[in-house]
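Read through the structures below before going on.
Two complexes are shown next, each including chain A; its partner changes from chain B in the first to chain C in the second.
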Partner chain A sequence: MMKFKLGSAYFAILGVITLAFGGLEVVTGLPGIEGLSTGALEIPPDLWRGIIIFFAGAFITAGAFKLRDIHGLGMSTFGSIMLWIIAGCDIFTRIMESIPNGAGGLNSLEGFLATYGPPYSPALFLLPFSLVIFYFIKEVEK
Partner chain B sequence: MKVGKIGIKALVLVLIMFYALAAIAWVTGVEAPEEEEFELGEVTIEDNGTELAISIDEVSEYVTEKIEDAMGSVPEDMEMFVSGAYRATLLGISEVWEGEVPSRDDIKIVSSLPEPASALCFQYITGTGPSMENLRAENGVFEIVLQDGTLVENTSVQHLYELSKNITADDWKFEISSISTGESFVVEVKGDVFPEDFFGLREKVVFGQTASEKEGQEFTWEWSDINDGFQGFEDYEIFEGLEEPAPDSATIVALIAVILAIVILALII
Partner chain C sequence: MPRTSLSVDERWKLIDSISKQVVLRGKYKHTLKDVISDLSVRPMTGIPLALAVLFGFWAFFGAFAGFFTDGFAVPAFDDHFLPAIQRAFPGEGGPLYWIFVGDPGAPSCFEAFGVLTSGLFVAFGVVLPAIVAFYLVLTILEDTGYLPRLAVLVDTVFHKIGLHGFAIVPTILSLGCNVPAVAASRVLETKKQRFMMMSLLAVFIPCGAQIGVMEELLPEYVPAILAFLFFGYFVTGAVLSRLIPGRSPEILIDVPPYRSPIMKNVATKTWARVSGFIKMAVPAVLGGIVVVNLLYLLGVIDWLADALEPIFVVWFGVPAVTVGALVMAFLRKDMAVGMLGGMAAAGLLTTGELITSVVLVSIYFPCLATFIMLWKEGGVRDLLKSLAILTVSFFVFGGLMHGIVALAGV
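== the complex of A and B ==
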């Protein structure tokens, strides 16, 4: 029981953070507004991406309050999947960009590693935290 | 073992590796080495024992002056022809003399392009251009021979300008040779350097005077792009018969090894 209460709090916080980042991506994606960047975090100015992350956050938050229930868990899982799609695209892009060097050849070791360096999009930061959903899926299965 | 499970494990491994690489890159602060950009060199030749480094700006200045003198104004796409001819000379000299500095009187250039700006560029390099008496001590040979084998004897700006009305991508061929050794190299610009409608549009904008404002703008964009390519792309990207440098085989082996390692690890775990 305690696990699910902690889980609800965890996903509520994660959902709100996701929602906020989604909102920021939507705002920066509007015409005339530039992307934000602070430290290793970069908010890409992409309206559609922002909308998906915003709703991912909304689903995670909405499901978080009834995580023990299959519908609530389903909603949080659905939100997480939306987040994984965006983060997956970012990861795929980086992997693909790390192989060629941009001049027709293959990248050097330094160039390869540098492709994985900062800045990172919010989705890349949030992805590992959202994987906790698997634990609760297993718990509900029991 | 089910294929689906291997797939999930491989996915998890990729995720772990991605975040491990990201952590290494972040902590070490590794930066990508700056890309080596193509640098347009200078045409280096010897004129009566004196080494001359001829820059594209120097050629452009000469070409502009001669065309202005003859026609009163300069066609807007002149720069593109100068860049193309200059790049062809650079490549031709490097292929024929292989790093050696050629003597001006040993250079022979035969162009298939009946156009004044490119012709003046070649004439400047070979020292055969108009009013070059004070600029050179010796001269090479420059000729314009059309695709059908006709030698263009009248190389005046006006005449070449008229002939350039019907040029196509196939005319961009230049033979650079050493008079003393007879060794030669044919530089041929790739057809795809030019957009499909380029020469038709050129005829309409430069000669027809019937082009709309939109067509004029489109032509400007197109020749500017071609000019940028002549000044910034690698030789194999713009000229026929040159091979793209092969990727490092060690890196390919390493890459295949990484992919295999992921699959094997996914099978073991």
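== the complex of A and C ==
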């Protein structure tokens, strides 16, 4: 019982943070506004990404308050899947960019590793935190 | 006792005893898969998911095709293959040289426009990675069971233009290649729906090969161009739905459960589609370049450019040199867009003119393979009606694009 209460609080907070990041991406995606980059975090100026992450956050939050119920858990999982799609695209793009060196050959080891360094998009930051949903899926399935 | 000697009562008893052993009775509990499946088809939640899936589709397409095209094909073709063939091919400046190698001073394969330079580069360096990426994702979406859910989701929108949700299948297929998409329009019930679907696909949906070349030339404008073409698709669909007599019946869609795709099946289906595309597209790309280069050498393209100059310059706002690309578009639209890219690189087209020209190539005559398919599926009468729709759309939406580009100041 206690772990579901903690889980609800966790996913409510994660959902709100996701929603806020989505909102920021929407704002930076508007014409005339530059993308933001602060150290390890980079908010790409992409309106569509922002809309998707915003809705992902809304769905994670909406499901968080009924996490014990399959419908609530389903809603949070649904939002997490949307987040995973965006994060998966970011990871795939980095992999594709890390291999060639731009002159038709393969990248050096330093160049290859540098591609995986910061800054990261909000979706990549939020990805590991959203994977906690698997624990609750297992718990509900029990 | 032989089975044939059982009475009716005995048979029912046997059925009861078997069913007691194999059928489980109880209250059905919703699983997580059921909940996610329901959420995928409800507009409030399904539309954001559809956006995420389409975004993922696009991002994968761009990253995968960019990896092969920009990462390896462009440097290999432009820095090594092109200079080597420009030096090695005999008879520089002669007719054979122009047909097979193209412009001897061209700095890139896009600009050379020879069979062995632009032809091989576009076919294998640009189009092939784009097509592999497209069919791979399409097959995964099919095998997971997402496509029927998308059909349910868009059913209401398609009803507004006299079609139904399953029209999404030929529409998405068409983003790969128009030919199988025209064949797939058979999933629609009535003659009116099939005719409308074929015409809309032929006019407004660019194929994956063309999108791949557009992505290479105008990456930042591709979403806007596609949005404009989809706008034309729905507006023309709504008009046709009111003009063409016939029925647009309701349908029931069987939605299968979500499943994990089996990699072997995905690989087999993707390969079947890609190999079919290679067999059809590569000879058409290479043959198309021969035909267009011959027309250039014979002066036919220049004559057409002079004759059509008033329409092109005044109505569409593009220079008459784009006539050559439109002739090419009948053979291969991807190659036609590549040809426009070469013109832009040579300074013959501004960005705005390039955008308008790309739209014109998209809504202009369908490529030869699609043309034959339209003929086969609809007969001569439907083909002629499709061409009439195409002519009107070409002038209306081409002129509209000219206006938008002029207003936006691109």
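Odds and ends about this structure:
Just so we're on the same page, the second predicted complex is superposed on the first by the 142 of 142 C-alpha atoms of A that agree within 3 Å, B and C clash if a C-alpha of one lies under 4 Å from a C-alpha of the other, contacts with A are read in each partner's own complex, and residues count from 1 in each chain.
We adopt the following convention: a residue touches a chain if its C-beta (ideal position, glycine included) is under 8 Å from a C-beta of that chain, and two chains touch if they have at least 3 such contacts.
None of the values given here were measured: they were computed from a predicted structure.
Of the two partner chains placed around the shared chain by superposition, chain B is the only one that A:Pro118 touches, whereas chain C remains out of contact. Of the two partner chains placed around the shared chain by superposition, chain C is the only one that A:Ile70 touches, whereas chain B remains out of contact.
For chain A, the partner that touches more of its residues is C, with chain B and chain C as the two candidates. In the superposition on chain A, contact of A:Phe78 is made with chain C only, not with chain B. Legend: residue contacts after superposition of the two complexes on their common chain; A:Ile99 is shown touching both chain B and chain C. Applying the stated contact rule after C-alpha superposition, one finds that A:Ile60 touches neither chain B nor chain C. Within the superposed three-chain model, A:Arg49 lies in touch with chain C and out of touch with chain B [touch as defined at top]. Looking at chain A, you'll find residues 99, 102-104 touch chain B in one structure and chain C in the other.
The touching residues of chain A, when paired with chain C in their complex, are 48-49, 51-52, 55-56, 59, 70-71, 73-75, 77-78, 81-82, 85-86, 88-89, 92-93, 96-97, 99-100, 102-104, 137, 140-141. Contacts from chain A toward chain B in the complex involve residues 40, 91, 94-95, 99, 101-108, 110-111, 113-118, 120, 124, 127-128.
On the chain C side of its complex with chain A, the touching residues are 29-32, 35-36, 38-39, 45, 48-49, 51-53, 55-56, 59-60, 62-64, 66-67, 70-72, 74-76, 79-80.
Of all the residues in chain B, the ones that touch chain A in their complex are 14-15, 18-19, 21-22, 24-26, 28-33, 35-36, 234, 244-248, 251-252, 255.
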